[in-house]
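After this come two complexes, each holding chain A, first together with chain B and then together with chain C.
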Partner chain A sequence: MQSSSRVSSSAASRRGSRRSVAANWLDRQAPYVFVLPAVLLILGFSIFPLVTSAYLSLMRFALGEGGYELKFVGMRNYVRLFSGSQQFHFVGVFRPPGVISIAVMAAAALAIGWWLVRYLRGGQRSVIGGIGRLIAAASLLAVVWLAANTTGDGGALGSLMVTLFYVVFGVALQFLLGLGLAYLCTLPLKGGRFFRILFFLPLMVTPVGIAYMFRMMADTAVGPLAPLWAWLGLGQIAWAADPWLARIVVVIGDTWQWVPFMFLVLLAALEGTSRDQIEAAQLDGASSWRIFRDVIWPSIAPVAASAVLIRLIEAFKVVDLPNVLTNGGPGIATESMTLHAFIEWRTLNLGSASAVAYMLFFVSTIACVSFFQLVVRRARGRQS
Partner chain B sequence: MKCIKRASVAVAFAVAGFMAAGHALAAGEFQGVTVNVMTFVGPQIAEPLQRRAPEFEKLTGAKINILTVPFSDLYQKLLTDWASGTNSVNAAVFAPQWMVDYTKGGFLEDLSARVARDPALQEDDVMPFFRDFSQRFNGKTYLIALDGDFQMVYYRTDILKQLGKQPPKTWDEYLDIAKAANGKVFGGDGKPVAGSCISKKRNAQAYWAIISIAGGYIQSKGTAQGAFFDPRDFKPLVNNDAFKAALNVYKQSTQYGPPNEINLDVGDTRSAFISGHCALTLDWGDIGVLAIDPKQSKVIDKVGAVMLPGSTKVLNRDTGKLVACDKNTCPYAVDGVNHAPFAAFGGWSGGINAKASPKVKDAAYAFLSYMSQPAQANVDVTIGATGFNPYRRSQFTDMSIWKKSGMSDAAAASYLGAIKASLQSPNMVIDLRIPQNQRYEQVVLDTAVARFLAGELDADATMKAIQTGWDEITDDAGKDAQLKAYKASIGAH
Partner chain C sequence: MIKRLFVPTRLDEIPIGTRVIAYGLLGLWTLVVLFPLYWMAITSFKLPIDVANGPAYVPFVDFKPSLDAWHYIFVDLGPDTYRPYMNSLVIATLSTVAAVFLGSMAAYALARIEYKPPVAAVGLAVLMLALVVAAVGWGGVDLRIAVAVCGALFFLLLRPIVRRARRHLANDDIIFWMISQRILPPVVTVIPIYLTFKSAGLLDTRTALIITYATANLPIVVWLMFDFFASVPKEIEESAQIDGATRFAILFGIVVPLVAPGIVATGLLVLILSWNEYLFALFLSTANAQTLPLLVAAQNATRGPQWWNMSVLILIMILPVMLLTLTLQRFIVKGILVGAVKG
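Then we have the complex of A and B:
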């Protein structure tokens, strides 16, 4: 009897311990189980379109009887972008390189080579860092080579270079103007509060609205500013017919909208700068420029770098302004990669649209990751 | 026996009466039914639909929602909605050329039976060309025509008189007038006029203009000869001296155009012309009626219209060179000039989603039929803002409707005369109506010509770009099938 009760109690304890093992295991899994629905949802919304568009970029979409059909075409949609019928559209029209082009390419190669050598000789080198820098260097060299061979007479930029032009010049302009305005607003000037609100307003306007507004304002013949243009002697200027003028108008519109973002972020950073350090520098007799360079800039650099990164990611996707302002014209001169993909998509050329979208994904990822690793982290590191 | 006869006659009358009554609009017939109709933002085309929708609702109870999207998005929006099974669009008013792609997917309702038993529509009154091109495909009626489209040249009668010139018969004469008028002041608001205003904006409705110019150089032996492809071997007719001549005319006209002409949409050039700032323009029928609108027009009774100018030299398809017109090369020439009027676009037409519910289909059909019935259509074509141009016989014969709209006899004769001459021409160019025509024209042709105007490409490179792009689409779609569809569309054997 005793033995049987001992047996049953040990069996019960084994069962109990087994239950507790199971319960413990479940306890350990609980966080994953709770998070799983959210993860699946996010995967569904972000990874699924990514995978689907990768699949579509290898296909040819065609309408068939009662529906549609997809035919596998391999890398044909990508090949078309680089060397086929869409080469002019994506990478541009090449011209024989001139002396300036060769000089620019050589200077870029030397500078990038020196930068890589300096890294390899430095004490902080790593395999991952080296590979990352090699990718960044190769991409930069490719961009310089493309710019040198497609800019100028006989050449034409494709949507890749036009996008990079919007990104590099637009973001740089927005950063400089935003920083300047933010700095002005930190000075004890009259009406500072009014200007803070005024500078912020363009961010609230929808990009398409801004594009229409700029289209009307830039109409030198019948727009609301036509008398002003005529008075300035610019009444007959055909900005929409000149590729560079048209691109600059797009950059101006984009800048008008996005300066407030830079202004807002940089103003917050500037106001967070230690007053004690500035006052100490002033007492030491430092000039305004020295104070800005050695006290203010190091303090706002991490925020500034992050703000530029956010703008970079956004700027790669520019589509509304060129679409409304010029419909991508003259020719294809103002067409960004997103607009290029959109135009392909609009004609149900889904494979080609996905291929362009994927190229945008690669280019923006390389640019933004490189910027993060080489600029943002360094700025943060310097501060810490 | 008599009784049976009488009874059968009575039954026949009753059935006929029922059939007729079935399509006369009954008050409250579609109470509670909502129809979503998609078209482009306009304001033209959307305007008459939006204006007449409440009228129609009062008559039948059906609520008609007019959804609008930019022209360049319309083709794809409709396809996406229908192909993905969303089916939020029950009916649409769009370019009849797209019918080819839409019927292939089985998205459009066959309206043949409905049209056959709809006396109020007065189908016989619709001009045969529009019945065939805008309404039917493969022998079935899928669309209801609401508009008739031809491109023509409009000129300012007062300016030509002052310059001592005649309306242009050839493109050389067109350029000559444009050059003479450009930059000069001819009264009005005292501003200098542009010699020629042609909408050249990319991704808009500009790409038909180059075909309008090229037609007279390329096609001379009748419609079945084709102006886009050679029906013998489906070789694109875009890489030869004829197309090059057209490209040069197109580019030269830009020299006499307003600044930023290559960024002007049709709405912009129309407004420039009717506000008195252009001597010549190339456009659809809209200008004729916009020019008599007292609210907008500064050129009332100062506008004349002619069929598209032509050429005294035409393409030899074997050599790719231009040869002089004679009886053999230009059998339809008038005074030695070969004209090839271009039925660009065909005319806005309405179709119904095959997947809509039966009641919605009935209401949608009733609305489209209502829009096209002479009582409405013969008023709408005389209003500039509608964008609808004449397409019914009665609109050409009943001059009272034009008089009522404020058009003078001379203006009406010139305007309707130009359309009629285009419509009756045996050498009319029919717009491309083969699978993927939108890609051939709206993507490849439009992009290449835009790059040419922007100076990115010279004429030879432009022609090569169009040919390569078209060949690529043909390879994708299958050359034999495309050739067969093309031959059927132009009536070639």
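Then we have the complex of A and C:
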């Protein structure tokens, strides 16, 4: 530092600047001073851990005398997740294939194959596009295969499929509800502002709080809806002991929190729709549904696709809701992958925890990149 | 900020039936939003017996409100409540200040200065990172030594490599690199971060969480602030530059006041995200640096059925955020929309 300022002092005097020497030196370094702290922080606490995690996922962690030791085990942590002792936890318990699961698989394979063939015959194919689609198609097929073989009697979902369930159904539900509410709020009704402020509120509430709140709400014995359950004859039902009911309660809590995001973004998009086009369509006597399909939807599609992408990215990280709402139970039925990794970590299986975390990283990256390339790009392209 | 663009102008253009259905649906969702909050609020004034006897909906009618639970949380548990509260306040505030300060500087620079990091230099940095990991992991070298050696090597090799570099990255690439950090699930990075802080003796301290939160939120700040800075006309700065103002004086004296609303929007969003954060806190803190979400989750295990006490705890955790949201909603909504609509 000192030597550099001495060097720059001559430069400063040559320029005849009135500024102090140090300030002058600092000013010339400004491009670095501005950006380097952020870049270094991200390198140190994001990229470096990412690389280290990859390394840890190939290790076995053992507490030894006066500390711990790591032993290289290659891909064994990953293999364990797919076919070893952790198979039930990660991919789930398989049931013997039945007629339905085979039929579902065949239908999915045909649909995905047709989609790939159509792309290859189309005019805009490229090597990278083809490889990307192949990865997306293979992943989708694997998910369908898992869904067909681990749900139903005798099967059980692992954390991978539970996470995907939260993501797919949660995001779809949030999108539909958000779109509906946003559409209602564009109607010229009194009190529109009130609804806007109110509907936004849950987005900012601490997820851990939401989880506990819904734990109270869902209590069938002394919760607020108890009379309703009793009236329906469901008073004795223990949702916390039923895998699917417990998962649905988690999705409901998640939806309560995230509908506001979709609502907000889609409302802004709806209000950006050109009014002239709608009025022209109205004059032509088009029905509300046709106006929505042919005028409004194309205009909001780019924003809608971006909103879903952002939500997808965040949805894969879900952990607080299942952990507090159901403690991951019954058994492991509501465990998301993040929670799975945390549980592995708590039992000091650092390697296994890192492997689960890395699988989450792969899955969410494949899903988000595929969604971006195949849906968001197309939605944006249609607008321009 | 929100303009009604395509709605019919007069209320009576909407048929009465549609209006009734619309109000019905909006009212229903209002109930969905408010009822859980209301239920928690009244539960915090209930006695154990009021909860056990089945649902009681209206205070003073169905049950007699009592401050027992509040007394228990604030007086009997006293320090056990205040410490996490202070931790959350300090961690959320300081990490937000750090993230907004560092992120805004980076965003401003990326909006105004052209960077051309050579691809080779980036490759060198990645190589050095891998070298550090390999040296610590397989070679058993001390982390600090490895970082120092590789850092020195990096700066030694940087010049010759940069001089020969042909291919460069652009500002867009840097921004994309930063924002792509959001795709990383935090659980991928948290175990090495845990080990790093452990070896630095910073486990279970506020410092560790402040650094982690600031880093986690940097991409959001850069992403949002870039837009706000880009919308400021360059001419204002150019005249100041001719007058001899330094870049720092221009940024903090001229540009920052112009984008103040953007900074408030970004800051609020990041503040709330830090306040609500759970996963990093779960790994990095146990007792001393315990934050509020962690306290609530931990109490959940031991006090699961004690609804009255849990309600008080959760209320004091979410009330500040809800007040901020209701009073400064304009700003927060702006932050969210800028981030989402840009895509």
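A few remarks follow.
As a convention for this text, the second predicted complex is superposed on the first by the 331 of 384 C-alpha atoms of A that agree within 3 Å, B and C clash if a C-alpha of one lies under 4 Å from a C-alpha of the other, contacts with A are read in each partner's own complex, and residues count from 1 in each chain.
Heads up, the rule we're going with is that a residue touches a chain if its C-beta (ideal position, glycine included) is under 8 Å from a C-beta of that chain, and two chains touch if they have at least 3 such contacts.
Since the structure is predicted, the reported quantities are computational estimates derived from the model, not experimental observations.
In the superposition on chain A, A:310 contacts chain C only, with no contact to chain B. In the superposition on chain A, A:188 makes contact with chain C only, not with chain B. In the superposition on chain A, contact is made by A:222 with both chain B and chain C.
With both structures placed on the common chain, the touch criterion links A:27 to chain C but leaves chain B unconnected. In the superposed pair of complexes, A:241 makes contact with chain B only, with no contact to chain C. In the superposition on chain A, contact is made by A:47 with chain C only, not with chain B. After overlaying the two complexes on the shared chain, residue contacts for A:70 are found with chain C alone; chain B is out of touch. When the two complexes are overlaid on their common chain A, residue A:200 makes contact with chain C while staying clear of chain B. Which of chain B and chain C touches more residues of chain A: that partner is C. Once the two complexes are laid over each other on the shared chain, residue contacts for A:349 go to chain B alone; chain C is not touched. Residues 221-222, 327, 345 of chain A lie at the contact with chain B in one complex and at the contact with chain C in the other. Residue ranges on chain A touching chain B, taken from their complex, read 60, 62-68, 85, 88-89, 93, 156, 219-222, 235-241, 243, 326-333, 343, 345-349. Those residues of chain B that touch chain A in the shared complex are 72-73, 75-76, 79, 83, 101, 104-106, 201-204, 258-263, 271-272, 435, 438-439, 442-443, 447, 450-457, 465, 468-469, 472, 476-477. Residues 2-11, 13-14, 18-19, 22-23, 25-26, 29-30, 32-37, 39-40, 43, 51-55, 57, 102-103, 105-106, 108-110, 113, 115, 125, 129-130, 132-134, 137-138, 174, 178, 181-193, 195-196, 211-212, 214-215, 218-219, 222, 244, 246-248, 251, 272, 275-276, 278-279, 282-283, 292-293, 296-297, 300-301, 304, 307, 310-311, 314, 317-318, 321-322, 324-326, 329, 332-333, 336-337, 339-343 of chain C are the ones touching chain A in the complex.
Taken together, the chain A residues at the contact with chain C in this complex read 17-19, 23, 26-27, 30-31, 33-35, 37-39, 41-53, 55-56, 59, 70, 72, 177, 180-181, 184-190, 195-209, 211-217, 221-227, 256, 261, 264-265, 267-275, 278-279, 302-303, 305-307, 309-310, 313, 316-317, 319-320, 323-324, 327, 337-338, 341-342, 345, 350, 353-354, 356-358, 360-361, 364-365, 368, 376, 380.
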